[in-house]
């Protein structure tokens, strides 16, 4: 192991902190926006609560426009916008901005998918009581689809941790960048696997939490 | 535009072909393995059809061990195995192998998530007729959860197209690598966006298909 | 264990009908020249395009490739040491200068205290960039820093600037939001930078630049292969060097060392790294 | 009171699709405020669909439907929202919120109506006590039996004391005693709060016990509509006759007649009991007047809308001529049916 | 025939959880092969749970349960699979496969039983014709009415002609005529194929029409079990009495008595009709013997298990002493109830 953990452990700890920060903000902000977009997809889809072909197709187009763009190209393309919004085109925050955008698009799809198998009967019950579309979403659709939603966000959590490895592209730091530059690129597998191990432990804990919450939400 | 499409269009067309090949095989094989793993997660989860805490936790651990590993590191780590299986550690097939593995893990999660909100009543009906667990999966669980499953695989399709951009790491070719080396790395945004546009068109068509199938599967 | 890569029947060898050469950035025009010239020699060459520096060397080691050309001797030395590998250079191409650019400042002296400089994030280029910045007074390195320098070798208290390692390509993109960027030569031309605008660059003619000679690399077993030796001559074909020069906006310094010379330098570098 | 609160005028509902279904076919009728209006009909007749038009869960295909002064057939989903809180609905398939507890399910409409927490809790407790599910307040629907789920649905629909209550088979999963209790509540909310109730049921007992008027549907059409007593006593449409016949247990089947003939001597005569004061006394005493002994051997008299209704089968013994004379009298006052022993199955014994 | 096909022996089922429910509490009983066995009880009594133990959908908590020679309480899920194809089940909540057409739903158990396509199609067509849903073969469950769904569930359960049929409220969403048709089918599969039927219902009419024996459950316990006639005629447990009272329409309510008193002169007497041949003739003619005129004004006589059952309310006119003498006679032969006019509500008129 070429990396001297005793002397430079600070760099490693900082990388952990950075990853947590990236994941928290990108998943927090992107996940929330994605929830909104996903709900909108669900509501406007043909046969949905408020079918709206124009909005639905527009959203579909938008999401599918951005999602398949290779992330490194997306980061570069967003550069000017990132600069305008974040104030810099490099660094952790400059990574979080495009990452959160990508998370929004991905989570929109997962949210839509979780909602789509909802029992129409319960939606109808709420409608019959005069609940507005928004109220139905908030008090019926989301609570009823909570188990798949929790699993979807757990999935996203792992995806974002994975994605955060790319933060190094714009000097964003984090565990992934650490593993790449101190381990992988130096062909130092000890450092690589140690870092990966930390990531895995983080991810496992969150997955356990997610599974447990989903089970509670199912109440069976 | 520095790339001369008239003279070197073949390279571009080949890239399209390579991407289609990567996506078809990685999604085909990985998606199938993932379906199996996802079903296994669904079946063995506490309160599932055949609860098995050991298998369930093992699968969870396995999937969560691999998923968060930065893909580039994963490719390198898989190198020797890829060489043994595919016969080369570089090229399109050498990329497809680890990609299909990652797709398996990701699709396992999405499949689990699609199945989890299944109405227990229909499973019970099939059980009451003496259907085996495997038969229930095949003839009830999957057909009943078809709409979210189709959306999950549409999601994965886009994710795999996105992932295929990394094929260049092992000289695997494809549109993503083309966009990177002929567009992005040469600061040729015209080529970059043209390539991205082709990817987007591909993805949009598949998404339309997915939405349409999901709507049919919902039969509402 | 069993079935080691070198004995694998599918391994690419110098005797194969088609010789596969790994490069990073096959879109560069010189590679078209290369394959054409090889065809003239009756050798079928397949250029394999990598987007990442880390993979082409293991691919030669495990026999997936016959040869590669993308790295300088320092990077190769590092690889050999880290992986107990024995890849050898059999031809040289050029030394590319590494230069500092800025869109805000016109001289090194103008760069203010506490500024950030973008540097490539791969180990050897990062090290070279750090050395460049140190030589020009922007950084102070700690005692005993060797040929490979990293962030931990920077005496942050004594340094005027800090470094931000990032994707080599991204250093150019970062220019608007950072005081300066050390840009790999590969990107200078495509990014529309003018080498003349560089604030500082290292001197390719200086002997200390020898580790940065770019080389054509094969497995040790293939070091004396006839066909590969034939291929190696193409690197000094005037058409090839002209294409190379054009691609680097005439900043590349063409180097023509013998294989023995190159291998001697490599051995030097390796031993200094190991020590 | 007798003001229409729901008015259908040439209303149609068509489900398009691979095979088109004309679920509601040209229905015109009015339901008065404060009325308990029953809807019966065979499975698939369009009852649920008709009721779902009232609160706009299904849009009307054509025709005019006015509910509580709002022309719901012309309102947008958004405008319908203002009308719906006044219309409670009990669903045939319960449609409980699986992610909420029983108490939360019942509290849901109160939340929508923005009741404060204190009043809400009190009302929920009251409703749960009423449907006998106080101990299940914190359970989830998946832990309830079918009847318990139905009771939660009833409590939820009644929570905000709506003006109109749409009850789709609201007692079909309930045992007789719970059914009776629920019907008593419906009667009470109708009598005390003036709630108009539209009630779909397949149990004629429920109609009989509760409804003022009853609509009979068949293939989407409103084939008969009238006072409950009138519909029972003089069913006109064929479907109504089948309905009444299938429900009432007062006419013996052929098998039963065979057994009755075997155990009872005399001639077997079934006499309908329909309330019309003048002839009742006369009919009842007709056998006695002719010096015959007549024993009730089958059938029954119950009350519908507080009026006697049914039919009795007598075994009449005495001189044949006297019997003939008595039957002639009956023919003039409501009719009778004599059962010919020769045609009955297994009727050995008294021949 | 009279061999037990299902035998419960000290069976318990407890749902653990935040609040523990003892859903089946120490049940021991046997059900004979070829029997139609009814289960009644209030909502939440444990009926569905009891039946779900039979095919192992819920594991027995403790006790021994033997079904068709298999000790299901000791079998693994895998071993249960071999037993289940012989046990058809109709679910209270239908549990249709939403992704399959109606025809595919019915064909499903046939597929499991590996019938070839030709026989399968023929059988499905036959079953759909039987439940009257031939035209819905290609529809999906979401396009059906409640009753139509229930009929699909019935067709599906009958498809493979199982040995045992578990029917959980299988007619609760059906109109009377369809109910009658379904009951006739159940009777036919029972009579012709010897299928043992365990039938949960809350409609006493269904029990009366179909069942041989009936079990009454309360709070998970089997409180009464007997021949249907016996349970109706002489209900022992309090819950059974309430059940019978709530179902039978042959005893007038206080309100109805008030109205009867207002419209009929004479003393009001209710006489139970329970089949015991010796006293029947006697009881029927008792009023005539005492020279009284007695008119049936309420109540009814029906058949239960092919035997007469019910009660009649008479208005008896004549000398008080003669009435007293007649009532004394009745007291000796089955009893009677006299309704005191003074205690009845709204009974103006004939006092």
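A, B, C, D and E are the chain letters, set down in written order, and residue numbers restart from 1 in every chain.
Definition applied: contacts are C-beta pairs under 8 Å (C-beta built on N, C-alpha and C of every residue); 3 or more make two chains touch, one makes a residue touch a chain.
These numbers come from a predicted model, not from an experiment.
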By the touch rule set out at the top, what is the minimum number of steps from subunit B to subunit D? 2
Touching subunit B and subunit E alike are none
From the C-alpha centre of subunit B to that of subunit C, how far is it in Å? 35
Calculate how many whole Å lie between the centre of subunit C and the centre of subunit D, each centre taken as the average of the chain's C-alpha atoms. 89
Per-residue overlap in subunit B, given as positions that touch at least 2 other chains: 72, 76, 119-120, 166, 180, 184, 220
Contacts with 2+ other chains: residues of subunit C: 54, 169
Which residues does subunit D have that touch at least 2 chains other than itself? 93, 142
Report the complete set of touching chain pairs. A-B, A-C, A-D, B-C, B-E, D-E
Residues of subunit C touching subunit B in their complex? 3, 5, 8, 10, 12, 22, 25-27, 48-52, 54-56, 58-59, 62, 64-65, 169, 172, 186-187, 190-192
Under the stated contact criterion, what part of subunit B meets subunit E in this complex? 50, 119, 121-122, 124-132, 135, 139-140, 143-144, 146, 217, 219-220
Over in the complex, which subunit B residues touch subunit A? Could you list them? 45-47, 60-61, 64-65, 67-73, 76-77, 106, 109-110, 112-114, 116-117, 119-120, 145, 147-148, 151-152, 154-155, 158-159, 161-162, 165-166, 176, 179-180, 183-184, 189, 192, 196, 199-200, 202-204, 207-208, 211, 214-215, 218, 220
Residue positions on subunit E within touch of subunit D in the complex are 15, 17-19, 21, 40-45, 47-49, 92-93, 135, 138-139, 143-148, 150-151, 168-169, 172-180, 202-205, 242-243, 246-247, 249-250, 252, 255-256, 259-260, 263, 277, 281, 284-285, 288, 293, 295-303, 306, 308, 310, 312
Within their complex, subunit B touches subunit C through residues 2-3, 72, 75-76, 79-80, 83-84, 87-91, 94, 166, 168-171, 173, 177, 180-182, 184-188
